[in-house]
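Some notes on the structure that comes next.
Just so it is clear, A, B, C, D and E label the chains in written order, and each chain counts residues from 1 on its own.
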């Protein structure tokens, strides 16, 4: 079997997917988890573009279009995730403040 | 005693991580197996795309896929962006956001210089999209970047678009796309089915509007909460006390 | 096209960057690494003859997402170097996923 | 225009476009979002009903968007199961929409804080209508990448809806839900990539026709299955569901449990339907085992809950199990199996949504949902408690409800194929469901006079919509031939 | 003719409709509720009368409704169902009258009468069920419509009893469900009008058929309170007296017994059941239940509990008669369905009167009651005599036919069971009668609500037990007339089963 660039980039894409997955599962911080999801997404996109590349003779534009769509979807969900993470964080902060206040009064 | 427990906990946790790493490695092996073995991959749709390119109204293959063959995906994707804005706007912050740090005067003048340039680049990408790399997405992204810079610099240019009109502007992209798609259905009988002779012009207009909408939505996503509501965030800390009790 | 050393190095760098985004102790550093990861990704796509995607990735995937992360980072960490704060506070919030 | 409506193809796309339009309008009219919201729901309902009628009278078909045939273009497909799901969404969705109108009004009336509730409602309508459109798009789609896009739409809007309630628990739950959903979507997308690599097409029917068990296809199926199982919250992946569903606003809980779960499962089913003859006994049995564990574990957890909405949420975990134990049964009788499971899905959707709506009404009235303190609430809200009990009957599989018919079909399949362990699982599930539902119903229907009273603060539309949905769940016990006739329409 | 088809549905609707309307009535609208109740009960009786005349003239009534392809709900009136329908609708009228007076001024009456009507509707549905699926359908619904009645008082004791009731009946329901599904999977839909459907399967699937039989038997046996499954019945006594009357004489227990008849005679058929050796175990089980119930009844001091154990014992006569399998025994069992219902409802009405008027719940406090409540106690005495089986009371007729049937079948030991159980019946009924009539009153009544004019209590509390007592006397005295239940049962056995 000859190793073509397709294989190399494809495997890299899969590896990135796995690395992102590991980060998603193992990292504790929310921000890090969101980063990990983005890395996973990049891995999938890389894999898709590799498929489009094929053997380099005739580029298939359909996966390119899919990746473009995917990128926009991904930035959208990242924005939502970050906004939500901000809220979770604020909430914890508020709760801390309230606890402190309660303790002070008590 | 407690220290002992915590080390035990840490050990357990480390073991857990190790185990999941091993499983992930196995998953990778499986994926690689799926990727590498099993005959020649199919040739894809490159040829059929080329064969139909003449009817699509554009010369760029990717644009043809995005805005003609698979325009439905792109339509829905515009709605994903719109949805992102709706969700982000629905998440009002509990506490006031920190005011942006004052921006340096150098950056401010840089922004003033950069914005027209970015708009220009965006326009170029849009135009280039019909026959080479570039198109609505890329142009929209550049415009979005310009919006982000404006926000960062709190530039007076921001007030070109009154806040009241912002929701309307954000709706405009998806709405226009939808109208075009339905219009095609009413005129030609098929949803999103442009006629061959008008396809080129429809796609160009569509791209321009989509780029604008994408840019605006991206900037809005960056901006975070709904513009007129940031002032009311102050009250949220108090509301939280009640909400914890309720529900 | 034959696999060149450039491709190999690019791929390895991508993986290395991804790994460090996840393990670097400083979140700010992680975000910066992520932005550079995105830029290199764009390069990879140029290599794979996908200039459209490369452009979009550079602008959206790297630029805008990076800006989002940076602004979120600033919002999430009220102090100047609030890295540890974030660590402590979020550790408990979310286990499993 | 009229010619267009009559000639019929556009019926397929209307259930997707109309809610999209409604979402945009309700977003724009931010002072009065309820009007376009409810109107959009109503119009969508009629469009879906018309689609179903069209399907029954003219048979199924495909719709090539933009006139491009697959593999180049995207096509929609209307066949029995797809349209049944659209119809189910329409019925449940309309009831939820009517409910939501009264719900937000009642909250404003009860609690004051008009600004906050108004802001919630302002986001609710666009999110909900977008979700509805995405679900319809998902049910009708025949293109696997398009499915991914609709999945993302569904995921983002559900997360937005979950977080809407604003209370801390829901924020954490929504965050977790979002991460799980994203993981599921990406896994699905990677699977799609693998399938495209092998088949060079994104059309599900073309792929299904050429399916083999090549390694890449196996990996694709694994990735897609795991991704969708995450979203469906099948047993080991169910952890995110109860907090998300139980802490959301009442109409949102109903939407999530009654519709969203079914959406992801529907895709799963579509993929497996084609593969099942190839994979043999093992994989199907594995799914069924997971489903069986889900049934027992979910029911046990439901029994342990102290809060009504938590109980209903865990009951969803249990009921999801039934959606997966069907797969081994489908090997020998694909048609009967599909009929049984779709019957189950629609009756569960109505019943569960009715229960969540009713639980939300009780919550709003009483101010809490601790089961043990809900005694005597029947005297205040008779219709709501009745709706809850009726929904419960359907979950228990007792006549005269749709749940009974579904259980009957399940059991008769399992018995005639002599899969006794499945019989045991179904029976155990019914017993456990009876136990936890009776526990809740005994309290809310208790004749004891406890001072939970006070003036009724909930709108009449809240009571009636939940009751109507529960009655639909009951009515499903009598319209079996009609539903089966719809399911059997080929694409 | 069209009305033929709709008559059965109308019979169901005549109680369902009023029930649903009553649910929506306000608590205070007493008059309209009473009117609706009585209107429903009378309408039903008239409709049933029309139906019986029709059957007697050889009309057949059947309604089919398909709920799944190949699966129908069937309502059909055959002579046996007519028997049960008549019993239920007549006793429902009396129980309704009684309940209206009994529950005067108590809370939640709309709720109560709503479920009451629902319960009767479902019972009628069971009676008219034309196939096994329909039977199952209504049988499961019976559990749900009676539960709210059992817990009606809302006390902790009532809730606990309700829980026990639910556990027993739902578990039974599930067993029945499995049995039905299994049988359907083997033999297709089981219609009651086609006996012998299972005969061809005996050779190949004997064991399976046996298992299914026991599943079905366990399912209906719970409601019929067969020996190890009777635990819920004495506990359900916490319900108000009209509910107990309904449970014991009309609805739940009777539905179980009726189910046993259906399963043995119409699903399996006597011959098949005998070939498979299913009758002997049933015979043993019902004999044990008869003895067990009587023995337990002896030691109960609470009047309603004693009556409950008496029900456990008496209902098993029905199963016993069927399991003996000779025509005379089957007649004895079937006719006991009616006789026991009449007598037991009288007893519960009287027990309710005693509790309501004087506040007495325990037998040890009943000394001298006969003088304070002569009419009530007279009715009680008549019914108790019947239960013991003294000639010429109704109970005697049943036992006589059971004994004759057993002898004809060569099962002489059954006669001993009957004799022994009659002695036990006497042992737990006669002391009550003796105390009430012949002993002196000890102290004040716990809560005497006083006489109403010249009557000992509210007239609607007195009239129903008197009528049922007199009827139970008449059906015994006039057993040989052509209008008696016995004659109808003879008609059933001759036309329906060709015995």
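In this text, contacts are C-beta pairs under 8 Å (C-beta built on N, C-alpha and C of every residue); 3 or more make two chains touch, one makes a residue touch a chain.
Please read these numbers as outputs of a predicted model, since none were measured by experiment.
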Number of steps on the shortest touching-chain route linking chain B and chain E: 2
Chains touching both chain A and chain E, listed by label: D
Components of the interchain contact network lacking chain D: A, B, C | E
Most central chain, judged by mean C-alpha position against the global CA mean: D
Chain pair with more C-beta contacts, A-D versus B-C: A-D
Chain A and chain C: spacing of chain centres that average the CA atoms, whole Å: 9
Whole-Å gap between the CA centroids of chain D and chain E: 43
Intercentroid distance (Cα basis), chain D paired with chain B, Å: 28
Euclidean distance of C-alpha centroids - chain A vs chain B, Å: 14
Per-residue multi-chain contacts in chain C, two or more chains: 52, 56, 60, 64, 68, 75, 78, 93-94, 96-97
Per-residue overlap in chain B, given as positions that touch at least 2 other chains: 31, 35, 41, 43-45, 49, 62, 70, 73, 77, 80, 83-84, 87, 91, 137, 218, 221-222, 224, 240, 244
Complex contacts: residues of chain E adjacent to chain D: 23, 65-69, 71, 107-108, 111, 136-138, 140-141, 144, 148, 151-154, 159, 162-163, 166, 170-171, 173-174, 177-178, 181-182, 184-185
In the complex with chain B, residue positions of chain D that touch it: 1, 4, 7, 9-10, 13, 17, 20-21, 23-24, 27-28, 30, 63-68, 71-74, 113, 115-116, 119-120, 123, 126-127, 130, 133-134, 137, 145-146, 149-150, 152-153, 156-157, 159-160, 163-168, 190, 194, 196-201, 214-220, 222, 247, 363, 367
Footprint of chain E on chain D - complex, ascending: 378-379, 382, 393, 398-400, 404-405, 407-409, 411-412, 415-416, 423, 427, 430-431, 434, 438, 442, 445-449, 477-478, 480-481, 484
Touch list for chain B against partner chain D, complex: 30-31, 33-35, 37-39, 41-45, 48-49, 52, 68-73, 76-77, 79-80, 82-84, 86-87, 89-92, 167-168, 171, 174-175, 178, 181-182, 185-186, 189-194, 229, 232, 239-240, 243-244, 246-247
Contact footprint of chain A on chain C as seen in their complex: 1-3, 7-8, 11, 14-15, 18-19, 21-22, 27, 30-31, 34, 37-38, 41, 44-45, 47-50, 52-53, 56-57, 60-61, 64-65, 68-69, 72-73, 75-76, 78, 86-87, 89-91, 93-97
